[in-house]
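Here subunit A shows up in two complexes: once beside subunit B, once beside subunit C.
Presenting the complex of A and B:
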């Protein structure tokens, strides 16, 4: 509980740490975040399955959404970053995008209001997965030596500069990339979540003080919710496009 | 549309129920939190439990209430202004696909019709060529038969004529021989009559006459 300008804000742990519901205290403990993650998996699966069921040449609205989504992944992400070679990664990147987006979306769903990605576990796991995939792909496509050479000794750099560039590239590719990928998603979603909580608390306090005074913070809360809708899409997009850029870089190191 | 309205109404009812369940909005004071924590510790909980959200599922009541209201207002606004554009975009896309498919279908049908027409024409031309070839062959056969008949007729005529000419020549020759023989006979008779001699002389006269004729001949 933090008191700021006479407003009582709940401690951050109260809006991010959820008690265990099943298998309490064990490593397999299941809390609200885990359940929401599973529900996200189910929704993503049901959405794509239902969009592809009863496939029609002329799509209905539902199938149209599914097709537009696949089209967006193929032409909006893969063709822009990897090229034609990367079309095989459509299922992986599409799943990544839709899963992250649904996990983010819980932050604005009434009575749940907790983005799964506002805890570091899922972003960290997904970024480690991306890290493993782009490194494995790089080694398979270029050989271990070729991949390390392309990563650590970028062409066109005067050789004395490699003393400086190589350690930077090493840290950048193998440590900073997965870390920044995970932290960017986590921090954005946590910040959005806390912002919404803050404005909800502010609106409550103003309402209790004088109901009409709640209009302004209430309006900002609505604007913040809209902003959060954009963040939900944007963060899923950024995570996916960066994963595609990393995979593309591993496939075509010369670019 | 009715389905969405029902869904929307259901969502609103659930939200209100949840909000009603957790009580009215209030900002929790530090004193209350401390008391709550002491209560958790007394019941055998740990300090970690004090840091967790009070409910395993529901956020704080005020967050649910105001966050829910903000969400519903935003949902209404997006439904009113965002959804029609999105639905129009999807319908336009479907319409574009439909018209593209129809255009492709029409083009395919036209191409097939043209192909069928060309095939008909080709078949007609082939049939025409075959017919012309058969006609030419029949004509040629007719001509050949006619020429053969003509040639046969001409040959028969030539043969007839040759035979007639041969017969005529033969008859003429015979007549000539007959005339010659008669003249010879007459000549010989004349010799015999002029010199009425004995048989041997007659024979000698006739032979000498014949010899003289041979010598002339």
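Presenting the complex of A and C:
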């Protein structure tokens, strides 16, 4: 409990760790975050299923949203990063985008207010998945030695520099990429969550002290919530586009 | 006031907690200063490119987000590290 000007800010563990609801104390314990994750899976599934259930020439409500979404994944992400031969990854990248965005969106839904991605487990799992996929794709497309050569010995470098470049590339591709992918999503959502918590605590404390004084922190709280809407979309977009860039780099090793 | 008398009078755990807090602050400042400048440079140049060649805005925007993401990762490492540090 950190006290600042007689305000009690809860410690970080209080705003991200939730009590177990089922199977308390066991490794399979289920808390609010897990349930929200399952609900996100269900929402993503139902949305995609409803959009693709029966195709019509004139798209209905769900099909219209689904089509513009697929168009965004194809033209906004894949064509910009991988190119034409990456269109086969549309289902994977599309699922990634929808799932991450719904998981992030719980952070601003009133009464729930907990982004699932603010716990490291889910971003870590997703980034390990992306890591496995881009390495496997690279090995399949270029062969094991071709892939390692393209990663560790980038062309166009004078040969003495390889003493420096090769270890850096090795660490950056196989360790920093998955780590930064997971930490970027996790830390962004955690930071946003902490920001909202801080201003909520400030607003309630000010309201108890003198109701009119709560106007300013309350307004900032609303503004921050609107800013979080942007962050929710942007983080899902950045995660997906980086996954696409890594897969693209494994398919076309020359750049 | 930070003088030696009050420093000697405080309990050992209290001083440690205070130093931990200062250390966290230093870690976050150190990690955020560079990327702050870096993101400014990335976005500034991207805006310049978009203003000069509006037809290439889509490509520039995608690359800009990539550049921001790579730069921002360093600041976020610092943010996480500041939480990991414990007294």
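Heads up, the rule we're going with is that the second predicted complex is superposed on the first by the 252 of 255 C-alpha atoms of A that agree within 3 Å, B and C clash if a C-alpha of one lies under 4 Å from a C-alpha of the other, contacts with A are read in each partner's own complex, and residues count from 1 in each chain.
Everything that follows uses one rule, which is that a contact is a pair of C-beta atoms (placed from the backbone, for glycine too) under 8 Å apart; a residue touches a chain by one contact, two chains touch by 3 or more.
This is a predicted model, so every value here is computed, not measured.
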Fit or clash - subunit C, subunit B, common subunit A: fit
Touched partner set for A:180, first subunit B, second subunit C, both or neither: second
Which superposed partner A:172 touches (first subunit B, second subunit C, both, neither): neither
First (subunit B), second (subunit C), both or neither touched by A:242: second
Dominant contact partner of subunit A by residue count, subunit C or subunit B: B
Subunit B versus subunit C as contact partner of A:81, first or second or both or neither: second
Touched partner set for A:188, first subunit B, second subunit C, both or neither: second
Touched partner set for A:58, first subunit B, second subunit C, both or neither: first
Nearest-approach distance, in Å, of subunit C Cα atoms to those of subunit B in the combined model: 15
Subunit C-contacting residues of subunit A that also contact subunit B: none
In the complex, subunit A residues that touch subunit C: 12, 76, 80-81, 180, 183-184, 186-188, 191, 234, 237-238, 241-242, 245
Residues of subunit B touching subunit A in the complex: 11, 14-15, 18-19, 25-30, 33, 49, 51-60, 62-74, 77-78, 87, 90-91, 93-94, 97-98, 101
In the complex, subunit A residues that touch subunit B: 1, 3, 7-8, 10-11, 13-21, 31-32, 57-61, 64-65, 68, 108-114, 196-197, 199-201, 203-205, 207-208, 218, 221-222, 224-226, 229
Residue ranges of subunit C touching subunit A (in the complex, touch as defined): 58-59, 62, 65-66, 68-70, 72-73, 76-77, 79-80, 83
